[in-house]
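In the two assemblies presented below, chain A is common to both, partnered first by chain B and then by chain C.
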Partner chain A sequence: MTRAFFSGMRIHVKQFTVNAFDLSAVVLWPILYASIAYYLLDGKNDPELLLSASLGAAVMTMWALVVLGSSGALENQRWLGTLELLVAAPMPFAVALAPITIASGVVGAYSLVATLAWGALLFDVPLSIESPLAFAVAVPMSALAIGMLGLMTAATFVIYRAAFHLGVAMQYPVWIATGLLVPLSVLPAWVGPISWFLAPTWGFRAIRDAALGGPAWTDMGMCALLTVVYFAVAAVCLRVFENFARARATLRLT
Partner chain B sequence: MNWLRVFFVGGLTSYRALFNWISPWVFFPVLIVYPLFQTLFFAYLGRFADVQSDEFFLVGNTFVAIAVTGFFGMGNAVANERRSQTLAPVLATPASRLALFLGRTLPSIATGFFVAAVSFGLGALILGVDVGGAELARLAVAVIVCSFACTAFGLCLGALGLRGRNVSLFADTISGCLLLASGANVPLERLPDWLRTLGSAVPLMHGIAASRKLAAGESLGDAGHLLLVEAAIGSIYLVLGLVLLRFFEHEGRRTATLETF
Partner chain C sequence: MAPAIAVKDLTRTYRSRSGAFRRKTTVVEALRGISLSVEPGELFGLLGPNGAGKTTTIKILTTLLLPTSGSARVLGLDPARQARDVRGRIGYVFGGDRGLYDRLTALDNLRYFADLYRVPVAKKRARIAELLELVGLTGREGERVETYSRGMRQRLHIARGLLHDPEVLFLDEPTIGLDPIGARELRDTIAGLHAGGKTILLTTHYMYEADALCDRIAVIAAGTIVASGTPSDLKGTVANQTIVEIETFGAGDDVIERLRAVRGVSAVAVETREQAQVVLVQSPVGAEIVQALLRELDGSTLGKVVTREPTLEDAYVELVRSA
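What follows is the complex of A and B.
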């Protein structure tokens, strides 16, 4: 199982790195969102706010890649007729699926470079990192936690014929509820408690606090806790939904 | 008679099959949930930045939803022929290419209109934006013009599908750029000149500008020139799309690449 997991990780990181669609998502989309935020927030004259917006846009891309990568990969496997083979393989389906979602998160972390460089070159956003060590740990921790959230949501994709469409629809709600570009204080109060259960909230806070100064390690602790919880829930959900899909014989439907 | 049958019946059938939304459960997440939350996201970002009103973002993102529908809908309605391995048989038929491909634009325009109406209605309800009946009627005209222009642009993207594999990449990239360059989410006066020039060369910018005037209570006469420019841009892309379809069909036959995937 360990070998299957790491082989899967290696293959999917390679695939996402050479796929033009994913590459455009890593480079273009975070720059677009960061640029919109820069143009809108420019009037506030707060360099830290602009750096925070850069980091938020990068975490948005991480989530987008995870949810689009996992849903797209599942839908592709349906079209190629390999989903049934994966489900029938003598290992838990989670071991086949987790590398896809985690690899998406890892590749999504590249977008940090894109947004930070873009912000520094065009908008004079400062590039000072308060705690480089915490920053270096926070990025992979966030990628892992967001990848695990993707694994949990991917469980539902198994029973959904057009998984990619569902993945597309899940981007903005999570971006809003986790306060990545829009602070939670602007949103209705009931959104706050929802954000506590979503990994991008803590991943973004960890990266932002490491860059600007703040309790980054506490945020990383929440990321670690959520990673474990997500994995446990995903393992159960995947088993249930897999059985459901087998019983209804829908794994092959496109 | 056969031309009309291919145009209307063939167009609708092909569009439904190739846009992959025969089931409403497929249609709902991507064409209702996505644009609605996109509107909310940017409206709240605008509130945080103290830039413009909710109505500004509601109108802007409603029209971005039209663009997404037109680009992906029309693009896929042509390009997915390759994925479903029906491109070669379709091009081998003696049917008029004009009827064959132009027939797919009507359902795309209708879808754009429907998506815009639902996104605008739900967004206005949630954000508490109040637009009068007369303004809504005038906005409907702008929506039709923009749906046409975006569908025409989508036809160009679909034509690229006769040559390349991944039309979604172009549609995704261009619709993403329009979030910024069309003025949907950033007031045009805040954008650099080169970005505004770029945005004005593709559909949406003039349509959005016209719609904001109409939503503010101005008459069709006041905003008409912007809608005419939008319609003219759409017409240019429609002609370009048809030319590209003819060119790439010829190239595909010559190089035997219609079935490669």
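What follows is the complex of A and C.
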């Protein structure tokens, strides 16, 4: 099962990197977000705020890549006719699907590094990391947790033929509910508890606290917990939705 | 010995809805209670026109669709309820361009599917090499699949379907869209697998393919099996008939109806071959109908007129037409 998982990761990262359009998005988005963070906050006077905003922008990219990458990949699999073959494999479907979303998370982790690099290069955003060890763990941990949130949402993409449109629709609500787009303090109070159940909230906090100082390991613990919960929910959902798709004949577009 | 595949009274209904406000439900009965049995080591053909229910049957047996009612067993297992167990013991190959990661190499594709189908690491490399050799792709495995011809893709499909050495192989119209040489090469590969003892369920709408490859055939039309048996058995259904083939140019429906009404005519079918329409008229052996047919065609432009023995294709056309 582990071998199938890593083989899937390899194949989907490879699939992703041979697509010039996807690759250009990965390169351009971090520059775009780093620029927005800089000009929006006019952060020359507050380097910490600027770094925090850059990290937030990077986590936004990570989620965008996961949700769009996995929904796009699933729609692509349906067009290629390989979705049926993944379902027809003797492996649990979650093992075949998880590499797709986590591969997107891994590409998203790269975008975080790229955002920081561009921020430092173009806008003098400080790159001082308070706890390099915590930072080195927080980035892949966040990628994994966000990838697993992607897996959970991808379960619904299995039954909907227009998976990519659904993915696009899910991008902003999570950005907003996790406080990445606008601070949670300006949103209604009921949004706060929702953010606790979303991996980007804890992923961002873990990376930010590792970089600027704070309870990064606690945040990472929440990421780990959510990863397990997401996987369990996704595995159940995938079984149910797979049967749903087998009953409704939606695995193939033809 | 228990059959490798056993299907009894299998039905499948598709429901689709359209319209935003006044939802309209369309119901299509793809399978209307089919029953069939395939013995271990047998190459069984499911023959029928487009939309007859061939692919639906295969998808139910390969666990990709749930039946509406009836029962199916593959190697004694229920594909609806024991999907995981069935999946490890069968291979599924479908025709056409799809089912492969185009931007990756053939080797990437095979390695990935080998891992998904639990091929042991120690055997993986040798198994892939063996299959590439079997399907004639040795030396081309490092090229991207998008550069492959349709025939090469189809042979790669076969290799993918055989990675885990399945006991039963399902081939859904594997030669569709292939050029004659590619189709012949693929048929040779299928014949080789059959000779090696593999149980194969093949769907096709090419009569000569079913005739050349299959031990037994079931003809399916409109979701029902209308005949089954060996190719000789099926030919036997029209053995007491003679076929008159008349090449015409521009004969209208009224002319065809007049031919149907000729005394002694059992059935009339029309095939289009380039600019010509070839009218195939069946009649009992000994019925002298040629002159009567030519009288009805008086005024039409005619080409060759041939009287011949019936083929499996004639049997098939008759079975499907009368379904």
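Heads up, the rule we're going with is that the second predicted complex is superposed on the first by the 249 of 254 C-alpha atoms of A that agree within 3 Å, B and C clash if a C-alpha of one lies under 4 Å from a C-alpha of the other, contacts with A are read in each partner's own complex, and residues count from 1 in each chain.
Heads up, the rule we're going with is that a residue touches a chain if its C-beta (ideal position, glycine included) is under 8 Å from a C-beta of that chain, and two chains touch if they have at least 3 such contacts.
None of these values were measured; they are calculated from a predicted model.
Undergrad: If you stack the two complexes on chain A, which partner ends up touching A:Pro126: first (chain B), second (chain C), both, or neither?
TA: neither
Undergrad: Is A:Trp29 contacted by the first partner chain B, the second partner chain C, both or neither?
TA: A:Trp29 contacts chain B only, not chain C.
Undergrad: Is A:Pro215 in contact with chain B, with chain C, with both, or with neither (first, second, both, neither)?
TA: neither
Undergrad: Thinking of the overlay built on chain A, is A:Gly8 touched by chain B (first), by chain C (second), by both, or by neither?
TA: second
Undergrad: Intersection of chain A residues contacting chain B with those contacting chain C?
TA: Touching chain B and chain C on chain A: residues 79.
Undergrad: Going by the contact rule at the top, pick out the chain B residues touching chain A in the complex.
TA: Going through chain B, the ones touching chain A are 20, 23, 25-26, 29-30, 33-34, 37-38, 40-42, 44-51, 83, 166, 168-169, 172-173, 176-177, 179-180, 185-186, 190-191.
Undergrad: Touching residues of chain C toward chain A in the complex: what are they?
TA: 14, 59, 62-66, 84, 87-88, 92, 94, 96, 98-104, 108, 111-113, 115-118, 121, 160, 164
Undergrad: Over in the complex, which chain A residues touch chain B? Could you list them?
TA: Against chain B, chain A makes touches at 20-21, 24-25, 28-29, 32, 35-37, 39-44, 79, 161-162, 165-166, 168-173, 175-176, 181-183, 186-187.
Undergrad: Under the touch definition given earlier, write down the residues of chain A that touch chain C in their complex.
TA: These residues of chain A touch chain C: 3-4, 7-8, 10-11, 14-15, 18-19, 79-82, 84-92, 96, 243, 246-247, 249, 251.
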